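Each of the next two complexes has subunit A plus one other chain: subunit B in the first, subunit C in the second.
== the complex of A and B ==
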């Protein structure tokens, strides 16, 4: 039966919730590992039972950056697609098939890491070698996600066939853009895992081309960041306006921003490899320029969100230059959590521009500044928006209500997160500027003076990390409440309408062949010559090192 | 060709209902300024080192 209020069937609810369970379990375990890391780095804790620092670092990265995000995003996107364009039984079967493959892959990888056979961190840089099941599990996660991609593509295709000449629903358009981005990006990581890592870890080949593997990883690694961000943008553009009592500022602007993200978030991986020898500086320069193109849709989004807030506030009668800020529902956690996430994106995006600038990259490369940066992007902007989505999505799916008590607890959770992350990420940024390395366990570095400057910041990171873990416990409690204990009822699935002031959306924005064609052309332009160069002029490959870090 | 009275009236209504976005303009300029200032602070650090 389809719920009148949410527009979803109980089968849809079950499918989406299956993804959410994995996401929140990952949040708890991955978060606990993060807490342990900050305590070890502060010099106050030695891990018991022979557990290694790099083991928990790998679990933290894989569970939070890869598993939590991928499962939450795919589940959320299925909810959006099923709500806006519907899902047939056959499509639901394929969605479940993809889910089980991803879950099997996740379990395989997680067991390998827990057994201490994959201390390679979530970037799994060669020549660090993991046991083959680590890579096979990851490959299965990617394959499962591709099934989700093609299910989403099929959903929109079937809808378009029934609604000839109509523009597709905004959220369905956004989901398909994000899945196109994901599919094109994961081709790189699939290539390196299937063609390089698996044969090498199985001993079928003796050596690996390290630079090629890192290049293929970052071909995937940067758009991965946008795969995390775009679902947050979906909520900002098309759901938040409804929650605040307003409308979408411009449908065309939202679609344009997503198209620009598709085109410019992939051919930019070299800005993660600016200190890498073996890549021609000219191609690094070209990819840095392309990286800066991504600023445009980000600023379009900032403008659009402020405009939505201002128009809504003024409609409610608030005047003055910034009087409209008072018209926003600050006491509604469905707005408050994502709004704080948006504010975090201002320093996060700024840090990203600094990272991608060649000279500044020399200042911060491989320092803990970078860790501080992505705890602002994915660890604050994205995750606070995902929490904000959960406050209405989970009760809508479980047939329960977001109570006033949970709403208040959610606001407290957001404040706890903000305080913890400001302390932790802020001290990471400062320590990074002082040269403190990332990806490293506690060390006094032989008592050098420079390392002694870092320790107070490492203690601050442990304080921030501990506060953040309280935030995780609160969030898991809220999730459990919304799934099993909140009173039965109907929670709204908020979908905003487009403003009457917005111009009609031109149909060329849905010219898929054009946008995919430009995306592929840009990728070929940015990568063909340097990749040929990397293969042709490769130094001798590297044998595996599987006990290098413990 | 001059506009008919009805067209003029429509234009007036359109300009009346055009949303006021002064706060938005200042907010996005403030973000732009924050980005530029932060960039130059780290650039100064690079030059100093």
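== the complex of A and C ==
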């Protein structure tokens, strides 16, 4: 039976919730590992039972950056697709099939890490070698996510066949763009894991081409961050306007921004490899230029969001240069949490431009500044928006209501998060500028003066990290309440409509062949020659090193 | 497709600053020659001593001109090898006069390492099979910590040395 208010069947609810349970369990365990790291690095805690710092660091990265994000996003996107274009029983079966493969892969990788056989961090750079089941589990997560991709593609395809000549619903269009981005990007990591890491870790081949494996990893690693960000943008563009009582500023600009993200988030991986030997600096610079292109859709988004806010505020009768800000529902956590997330994106995006700035990267590369940067992007902008989505999505799926009490608690959660993250990320940024490295356990580096300077910032990180962990406990409590304890009722699934003043959406925006074609052409342009170079001028390969991580 | 007038202004401003940023980076890279470290030479990681720069006698600090020095280092988990001093013990601190031009060349015999002279722009990845190299002028006196900033195993945070830049 389809619920009249949410537009989802109980089977849809079950499918999406299955993803959410994995996401929130990962949030709790991954967050706990983060707290432990900051305590170890402050010099105040030694881990018991022979647990290693790099083991909890690996768990933190894998659970939060890979598992939490992927499960939340795929679950959320199924909710959006099922709501806007519907899901057949057959498609639901394939969605569940993908889910179980991802879960099986996650479990396989998690067990390998817990046994201490994979302290290679979530970037698993060769030639450090984890036990083969670490890579096999990750490959299964990717393969499971591809099944979700093709299920989403099929959902829109079936809808389009029934609605000839109509433009696809905005959110379905956005989901398909994000899944296209994910599919094209994961081809790189699948190639390195299936063709390089698995045979090498099983001993079927003796050596690995390190630079090639890193290049394939970063071909995937940067679009990965846009795969996290775009679902947040979906909520900003097409859901938040409804929550604040407004309309979508422009359907066509929203679609254009997503197309630009698809084109310019992939051929840019070298900006993660700027300080590496063996890559011609000309190609690094070309990819830096391509990287900067994503600033355009980011600016488009910023404009659209604030235009929506202003138009809505003025419609409610608030005037003055900034008076319309009062017209926004600051006491509604469904708006407040993502709004704070958006504000975090201003320093986060600025930091990102610095990181990608070719030779300027040398100042901050692999310092804890970088860690501070992505705790602002994925750890604040994205996650606060995901929390903002959860406040209505979870009760809508479980047939309960977001109570006033939980709404207030959510606002407190957002404030706690903001305070904790400002302290933690702020001190990471400063310590990074002073040279403190990322991904390193507590060390006095032989007692140098510089290293002693870093330690006070590491204590500040532990303070921020502890506050953030309180935020995680609050969020898990809110989640449990919305799943099992909140009063029964119907929570609205907010879908915004396009403003009557917006221009009609031109059909060329849905010319998939054109956009995919340009995306592939850009990738081939940015990568063909350097990759051929990397293969042709490869030094002798590297044997596996697995004793260094024990 | 229609763009709002303010949006046009906003985008023109955005794209113009983007072009400005890229021009600055481009001038720095191609006119002033400040490229990120991208040395293309390769080496056999199992046999780095075969390369002239990494023979025992060439490791550590070498003066090659009046204000010119070369520092050759072999990185391996969890150590930077600067060669031996006169007493036969491993060098952990090198001293360079302020204002010298120094060429750092580094390679690794095992996994990927980092090479960051904290507080300076001497920051590069060190990868098996490749030689990383970077030339710089050390302009400010002080003691700098050399840290491995790429995870290389359980002892990664112990991998360090110091570089002392002194007033001559």
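Assume the second predicted complex is superposed on the first by the 548 of 550 C-alpha atoms of A that agree within 3 Å, B and C clash if a C-alpha of one lies under 4 Å from a C-alpha of the other, contacts with A are read in each partner's own complex, and residues count from 1 in each chain.
Just so it is clear, a contact is a pair of C-beta atoms (placed from the backbone, for glycine too) under 8 Å apart; a residue touches a chain by one contact, two chains touch by 3 or more.
Bear in mind the structure is a predicted one, so any value in this text is a computation, not a measurement.
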Subunit B and subunit C placed together on subunit A: clash or fit? fit
* To do: Examine A:442 and indicate which partner it touches, taking first as subunit B and second as subunit C; both and neither are also allowed.
  => second
Is A:535 touching the first partner subunit B, the second partner subunit C, both, or neither of them?
neither
Thinking of the overlay built on chain A, is A:299 touched by subunit B (first), by subunit C (second), by both, or by neither?
both
*Which of subunit B and subunit C A:507 touches, first, second, both or neither*: neither
Task: In the overlay, answer first, second, both or neither for which of subunit B and subunit C A:307 touches.
output: both
Larger residue footprint on subunit A, choosing between subunit B and subunit C, goes to C
Problem - Partner chain in contact with A:359 - subunit B first, subunit C second, else both or neither - result: both
In the superposed arrangement, does A:202 touch subunit B (first), subunit C (second), both or neither?
-> neither
Check: subunit B-subunit A-subunit C angle from CA centres, nearest 10 degrees, reads 90
(Q) Touch test for A:346: subunit B only (first), subunit C only (second), both, or neither? (A) first
Q: Could you say whether A:210 touches subunit B, subunit C, both of them, or neither, answering first, second, both or neither?
A: second
Superposed, subunit B and subunit C have a smallest C-alpha gap in Å of 5
Shared subunit A footprint, subunit B vs subunit C, residue numbers 299, 303, 307, 353, 357, 359-360, 362-363
Listed in rising order, subunit A residues that touch subunit B in their complex are 299, 302-303, 306-307, 309-311, 314, 321-322, 324-325, 346-347, 349-351, 353-354, 357, 359-360, 362-364, 433, 501
Per the touch rule above, subunit A residues touching subunit C in the complex are 52, 54, 119, 121, 125-128, 210-211, 214, 250, 252-253, 256, 273-281, 284-285, 288-289, 292, 295-296, 299-300, 303, 307, 353, 357-363, 365-367, 434-443, 445-446, 448-451, 503, 506, 537-542, 545, 548-550
In the complex, subunit C touches subunit A at residues 1-4, 6-7, 10-11, 14-15, 18, 21-22, 25-26, 28-30, 34-46, 77, 92, 110-112, 114, 116, 118-119, 121-133, 143-145, 147-158, 160-162
The residues of subunit B that touch subunit A in their complex are 17-24, 26-28, 31-32, 34-35, 38-39, 42-43, 45-46, 49
